[in-house]
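Dropping the structures in below, format is structure tokens.
There are two complexes below, and they share chain A, which is joined by chain B in the first and by chain C in the second.
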Partner chain A sequence: MISGFELLEPKSVKEACSMLSKYGDQAKVIAGGLSLLLFMREKLYRPKYLVSIMGIKGLDYIKYDEKNGLRIGALTTHRTIENSKTIKEKFPVMAETFHKVGSMRIRNVGTIGGNLCHADPRLDPPPTLLALDAKVKVVGPKGNRTIKLEDFFVNYYETVLKPDEILTEVRVPGSPPKTGGAYIRFSTKTNDDTPAVELAAVVTLDSKKEVLENVKIGLGALAPTAIRAKKTEVFLKGKKFKADILEEASRIVSQEVDPIGDLRGSEEYKKEMVGVMLKRGVKMAYEKAGR
Partner chain B sequence: MKRKILLNINDEDYEVEIDPNRLLVDVIREDIGLTGTKKGCEIGVCGACTVLMDGKLVSSCLMLAIYAAGKKITTIEGLFKNGELHPLQKAFLDYGSFQCGFCTPGMVLASKAILEENPHPTEHEIREGLNGNLCRCTGYAKVVEAIQAVAGK
Partner chain C sequence: MLIEEKFTVKAPREKVWAFLMNPNASGPCVPGCEKIEVLDDKTYRVTVKVKIAFVSLAFNMMVKISEMNPPSHLETLATGEESGMASNIKAKNVLDLISLSEFETEVSYRSEVSLFGKLGTMGQSVVKGKAKQLGREFAEAVRDRLEVSA
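Now for the complex of A and B:
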């Protein structure tokens, strides 16, 4: 049983923000509703007002140009993203990642905005979006702001969004040539279960395709939020792609994370596995970058 | 506050007056009386509550009924048309692709979606397409065979 609420259906972002202002922490934004209704069923959220943004036109789009890179409207579904020709061409690791979200039923309804605002560190999109240097555009009654995704997540289910703000767009800068990406979702139970380790690697090579000119590693399920493995990135940047380098990087990333032990693995096991996934992920990204 | 909405289910219009917190699966089962759609996990992972909304598979257990207003909903009952079972329903019967039958409505709808997107799927593609529908009885083998049989025709 989901507790009672008033459903408000604004027709514009401005109207939605003013409703959120009016009702403060008695209100929550609802998009597809998957994560939200789940939490309301579990009595973790009991909003008196749901501000549905599904009726707001112009938030479901995928745009790309050389100058601005990729811009995705907050109401774009995971299914639209995984099937997008533009994204498959320009950011194939994104298409692969979004294909792994939930099941077809979830992907048909869930939105990228809802996914990011739910801020569960075990969701699939954030590690990849972090590794792609994504930013989000947030709109409030006082104006807009653009926030780096790595600064957006605060804690489990907590973001920097103020109660009267709405995430409207996700932005990903264009990738330089010789860039490749990989996303690994390592689940210790069944294929569809919440994973023990999530790792996204985005690698840019030099013109000779020998040196890891730039490396970005996004991690999920290993901290209260999805994170970037900064120490590991700093180590790998500028190094040649060699076995002993990868080995050292896997040691660094294992030390860099502080996961909790749970049903999906002990602390030690997850630390070991992130090291394994790092080697695999960087290798896959390196191979794709070289093509 | 209750709201009057029009739900189009299996090509029929139903007017219901419901609170906003009603879920689609409950309105389908209790208010409309179509109990083919089942409640399994109630968290969107098992597939028992699967319905088609504008041709797309969705979990009706995580969908506000109000969100379904103005959309075309198809439940398992909608596959039986003009006194005829859908080819997938016939195949599930022929191949014995169910035991308790609880997952079956969702399984059949998911099978329909697989074949609509990919008329000649490989076994791997079928199994991937079914990964959101959990079955505790059959081990899925006969479900795959039934889909392959329909695809082969």
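Now for the complex of A and C:
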């Protein structure tokens, strides 16, 4: 049984920030609670106060327009994102990614904000959101700030969030025409287990559908945070899609990562696998971009 | 769990060695190091506070020098506990200094770390990720102090 904490239920972001300012390190924000409660059940983490933001209205939404792109409220569940018509139409790779998060029961409870703030590099959404150039809006007592997702993660379970700040929104810029994306994960145990390697690729083709005008690669389970494969992206940008180019990109991405081995695969295995998955992921994204 | 890292410092090897062997000088470079007590010329008691994930931890460690070959090689055994998580830690450490030139030294270290108790359940990759981050911060702090005054 999990006990020994006081549950605080603010009705606004401002009130939540004020509670976090007051209790500092003794308090922790909780949304769906899926990941945090595992830590608490194992008695790895014993906060004095849990600040539940689930009662705050106005943080559960999906909005899209051409100028501002996509905006998702922090309390939007994985299931809502997976089923959103807007997301399926404008960002199908996001719908595919969120469909792969845990089971349906988990997707009905877990939120996009909680997922990102938990900062586990093995979760599904971060690589895709990185490849889509996502940003997060953060609110604190001193005002708002917007942070690129690639600057948000610091280490396992650590972000740049200050103790009294709350992530309130995820922003994804609109994709240019002839853009396609793919998200693939590979686990060495069961299909729904934590991945050994995960990769998201977003490819934009030129008007003749010949040249890789832009390629963005997000990686997970390969470092203490989800990361972008910037060297590989630079190599692929402006090149024609060919087998030998993909082969070279596969070699570059293997060299670019410096994984930490875990129960799902050794460092050497992960380096090898990310090369294999890069070829698959970029090919899938390329084919979708060309449709 | 094996942790291996290396970094270079633009300073002569003797100077780097003297700095690292002086706990009052090098202690503040260790991220989260709150206290170092010199018990004798081969034994130190060290208190380090770090945050792994969102969990704050305080380690009380005893560090014993088991082999020393100045100014290039040092072996230590560190044992300690973290009371909040009822955990113990044991680390066998090897430090080597290689002279790259008259004014540049490579510092390499290798630690075989064993974790017991709740801390062990947090996952080896999590602890290793933190160790890498702290290693980078330590290297930066050493460089800041030695290269400025070189």
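Details
In this section, the second predicted complex is superposed on the first by the 290 of 291 C-alpha atoms of A that agree within 3 Å, B and C clash if a C-alpha of one lies under 4 Å from a C-alpha of the other, contacts with A are read in each partner's own complex, and residues count from 1 in each chain.
One rule holds in what follows: a contact is a pair of C-beta atoms (placed from the backbone, for glycine too) under 8 Å apart; a residue touches a chain by one contact, two chains touch by 3 or more.
What you see is a predicted model; the values in this text were computed from it and never measured.
Residue contacts after overlaying the shared chain place A:F5 against chain B, while chain C stays out of touching range. Of the two partner chains placed by superposition, A:V234 touches none, neither chain B nor chain C.
Of the two partner chains, chain B is the only one that A:D192 touches; chain C does not reach it. Of the two partners, chain B and chain C, it is B that touches more residues of chain A. Looking at the shared chain after the overlay, A:L50 reaches chain B, while chain C stays out of its contact range. In the superposed model, A:R41 lies in contact with chain B only, and not with chain C.
In the superposition on chain A, A:D25 makes contact with chain C only, while chain B stays out of contact range. Those residues of chain B whose C-beta lies close enough to touch chain A in the complex are 1, 3, 19-21, 23, 42-45, 47, 50, 53, 56-59, 62-64, 66-67, 110, 113, 129, 131-132. Every residue of chain A that touches chain B in the complex is listed here, in rising order: 2-7, 30, 33-34, 37-38, 41, 50, 54, 79, 102-106, 108-109, 191-192. Residues of chain C touching chain A in their complex: 51-56, 85, 118, 121-126, 128-130, 132-133. Within the complex formed with chain C, the residues of chain A that make contact are 25, 28, 39, 42-45, 154-158, 223-224, 260-262.
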